[in-house]
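Below are two complexes that have subunit A in common, paired first with subunit B and then with subunit C.
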Partner chain A sequence: MILWLIVALVGLYLMAPVLVVIATSFTATAYPVFPPQGFTWRWFGEVLASPEYLAAMRFSTALAAASTAIATVLGTLAALGLVRGRFRGQTAISALFLSPIFFPAIVLGLALLIFFNWVGLAGTFPGMVAAHAVLTTPFVIRMVSASLAEFDPAVEEAAKNLGASAMRTFFLVTLPLIRPGVVAGAVFAFIISFDELVVSLFLAGPGMQTLPIRIFTSLEYSSRPSVSAVSTLLILVWLVVGVPLYRRFLDVRHT
Partner chain B sequence: MTTYDLEMQGLRKIYGDSVAVDAVTLSLGKGEMVALLGPSGCGKTTTLRMVAGFVEPSAGRILLDGRDITHVPANQRDTGMVFQSYALFPHMTVRRNVAFGLRCRHLPEDEVRRRTAEAIELVGLGSFEERYPRQLSGGQQQRVALARVLVLRPKLLLFDEPLSNLDAKLRVQMRQEIRRLQKDVGITALFVTHDQDEASSIADRIAVMNAGRIEQAGTPAEIYNEPATRFVADFIGTSNLIDGVAETSGDGRMTFRADAGGVFAARGRASTGARGALCIRPEKVDICPPGVAGAREGIVRRTARTAGMMEYVVVLTDGPELTVQEQLRHGIAPREDGALVGVVLREEDTQFLVG
Partner chain C sequence: MRQKGAALVLPNFAWLALFMLGPLITLFVISFRTYEAGRGIQDAWTIAHYVAFVADPYHLGILLRTLRLGIEVTAWCLVLGFPMAYGLSRLRGTPRALLYFVVLLPLLTSAVVRTFGWMIVLSNNGFINRTLIDLGVIDSPIRFMYSMLGIVVALVQVLLPFMVLALDAALLNIDPRVYEAARNLGASRLRVFLQITLPLSLPGILSGSVLVFTLAISAFVTPSLIGGPRVPVMATLIYQQGMSLLNWPFGGAIAFVMLATVVVLFLIAMRLARQERGT
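Moving on to the complex of A and B:
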């Protein structure tokens, strides 16, 4: 009973900001207030009719898709090497590959800006894709490594013994068996890229507005409930895509 | 053409500064099933994996049907391996598991289908074609693993402790089945196990391995009756090992003085003064009333009853202790603890082992 109370309180504490945002997106006032006054769908209509928001959503989607594709391929290959390989400095390299998770985003953003200025990628779309891939690859490595750890290496040996080439073994045996990890890694990469603000702020060129940048700048200049509405839309997408995935791969009760 | 199907010549594998396999030389005749038997860590699995192509030998050669395959990649060796964990493809049905190797060979689809169906029928899984491995029992998974390699008609079958994950009863049943299938298809086979009963019942010959070396290779009866080394005598069945030195020797016969006392006649060759041990199997010692001509005398110290059999520890008047087994026949009363008994040791059942 007491345990349930604690769980409920912690849950409320964690969820309260989200609930506040959702509530304010329905307020009839011209600025976000909590508790909301009245009820209206107006702000959702405004978001979906706004060329700026729609362009930002498209841009973020393209950026997330491109960087996810790169992160998924690189992360899967890196995980294979790190889990399967036997070489010197394995632990150090593994830590290095996962380090973008732990670096402060602002440090990474600054470092990438300086480096991209040098190589001429700053303010370009490929530059942003590359930066986002750096941020998201570690998540793919983690997910795929977890899948690989549960995998009986004898299965790959069996494939080779039956005459399969390395390519055939990978595509017909290894990949199907680690697919849950690869899919989870890709979805996480997509969500993290879509959500990313700090590094994007450093690297975005003129006219390149991701959705988080758009929300951020909207808040700077005006304070309309449409910002809450777009946030609510993001939460909705997360509920539809992220929660099933979370239950499948990250639920603490399964580990 | 050679008379041997598989030849291992001076195989060696070194990991860092430890020698996992050392100078393994062994030849398998056509259609022969040979068991590599030894305790864990003796190098038997490493040897098998070198033959399969999963471990690169540090030295030595492997010949399959006369062809040197030492450096041929695993997927071009034409060997069929059955793994301890079965290693079935969990995302494929029984049929697709069995067809996998045929598909790798890019055979026509109708041939793939026909041979797959035949192989599944051969192992008696005809009604399980569309099942996934997780829907099968351990024994059935084992059969799928067998069908998956038999369907390819490989030159050599390799078994890596394939029965150790099955329960005792099924294990005995699968032994006979593997033996029958292997003889039916006539494919030479190398079978790794740590279980001597399994090795004896499944194999034509046994190679006993210890610390990376083959200590002895021979038929199960040879290994049991004429162990070549102390390790083999100790590892296979139970043995009385009596330490001592050789006295006189000649003509394959010798006399032996036990450290604990007493002189014994034995089979074997050794120079005078060589240290070693006498090996005597407990069931080859006859126990009789005291005073029988040619018998030694001793006192029963411990008795233990097993099914239909009594086991005694007899301390000989000369000094050494012997474990002795006696079948309990009708009308024979078990010997009492502390009783004086006679013990007959035949020279031909008493073997000298150096070391």
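Moving on to the complex of A and C:
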């Protein structure tokens, strides 16, 4: 009995910030208060009419799309090599490839800033894309590896025995079978990039605002309920797209 | 041995070499360069930045505060995570899936959004302080914002999922027949917990703690928004050196002290895990 009471309280604590943000985006007051007072859709309208927010959304979308494209190719190839291949140093390579998931972003951000400053990529869009591809590729590798582990390599052998080239086997046999994993990996990569803040803060040039940077800078000064509204939109995107994927991601981790 | 599949991992290896390993090596080298205000990074070699970080009381204070933050967050995650994981391990089907969703929710929200939520509730006239004052529990508001307490409250919330998942995996690995046997032999609930559940979930406690600790000491968004300049930690100091003061050698030195702490902890944890398996 006491156990379930503790579980309920901790569960409430875990949900608190999300519930608060969603609730305050409907408040009729001029600043976010909890519990909200009154009810209005006004702040959502303000976000969707704000040139700054819309520009930030467009920039984040372009950044996420470009880095996801690179991460999907790199990650799918890497997963094929790691799951189907057999080569020296395989365990070390696998650990290295997944390391960006838990690597301190603050350290990578500073390292990239200095390096990019040296090679002339600092404050540029390609530089940010390259960095985001590093951060998102591990998620593609995980998802595609799981798909690869699910089907029998004998199917590929059969195709080769029937005379198909390696290329033909990949595009006609392997790729259709792992497509769910590739798609899931790409979507996951897109959300991770779209949400990324720390590395972007180091690398964004003047006038290059991602949505998280935009929210972060507005929080450092004063915040209006429109910040809650845009945050609510972000939460909704995660809930619709992210939840099914995260379940899958964790299943992969535990096997 | 044929190097089958090595060509497939080559592109990503090259990408990481160029955009992760290369930059990290550059940062490491830079952290041993001298720096002069106004003139920037010089060509001479020095270990002064590492020495300054531990010898200067202000910076040593930041290092110790960061480690304290890691310890406090890890301890709270263990205390709150154990009942959650235990509850999870006793549920099946839909209730388990629902609780699982609640546990994962913090990971499904971006760091800024989550921290913003805490800033609203934790402020001096925020929900928590107002409720406590209305109930007569306290007279003046508890200072959560711009204090260690607020950072801990917000960080435990986001790092708790990692601890619960690690503990849940460990608890699931315990054969339920062990519990039955202990109960049949007359062991009390408390004794079962202390002598069976706790020792058998030790690998989970260990891996969860190392993960939570390392994520806590390297967290940036929460300490930066909730702690602010009044409560600097290593991550916010690195950001300040890198972006405002442009003292990259010193920022690099702090970054590598942080990385060294993380790596050493992981090595210790791996060693302990191996011993655990060996017995």
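Basically, the second predicted complex is superposed on the first by the 231 of 255 C-alpha atoms of A that agree within 3 Å, B and C clash if a C-alpha of one lies under 4 Å from a C-alpha of the other, contacts with A are read in each partner's own complex, and residues count from 1 in each chain.
Throughout what follows, a contact is a pair of C-beta atoms (placed from the backbone, for glycine too) under 8 Å apart; a residue touches a chain by one contact, two chains touch by 3 or more.
Computed from a predicted structure; not experimentally measured.
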Subunit B versus subunit C as contact partner of A:88, first or second or both or neither: second
Contacts of A:110 with subunit B and subunit C, given as first, second, both or neither: second
Which of subunit B and subunit C A:173 touches, first, second, both or neither: first
Contact breadth on subunit A, by residue count: subunit C or subunit B: C
Partner chain(s) touched by A:181 [first = subunit B, second = subunit C, both, neither]: neither
First, second, both or neither for A:152, with subunit B first and subunit C second: first
Partner chain in contact with A:161 - subunit B first, subunit C second, else both or neither: first
Partner chain in contact with A:80 - subunit B first, subunit C second, else both or neither: second
For the subunit C and subunit A complex, residues of the former touching the latter: 1-13, 15-16, 18-20, 22-24, 26-27, 30, 80, 83-84, 86-87, 99-121, 126-127, 154, 157, 160-161, 165, 169, 211, 214-215, 218, 220-221, 225, 235, 238-239, 242-243, 248, 251-252, 255-256, 258-259, 262
Subunit A partner contacts - residues on subunit B that touch it in the complex: 52-54, 73-77, 79-81, 83-85, 87-91, 100-101, 104-105, 148-149, 152
Interface residues, subunit A side, partner subunit C - complex: 3-4, 6-7, 10-11, 13-21, 24, 32-35, 70, 73-75, 77-78, 80-82, 84-88, 93, 96-97, 100, 102-116, 118, 130-131, 133-134, 137, 141, 195, 197-198, 201-202, 212, 215-216, 219-220, 223, 227-228, 231, 234-235, 238-239, 242-243, 246-247, 250, 254
Touching residues on subunit A, where the partner in the complex is subunit B: 152, 154-155, 157-165, 168, 172-173, 176-177
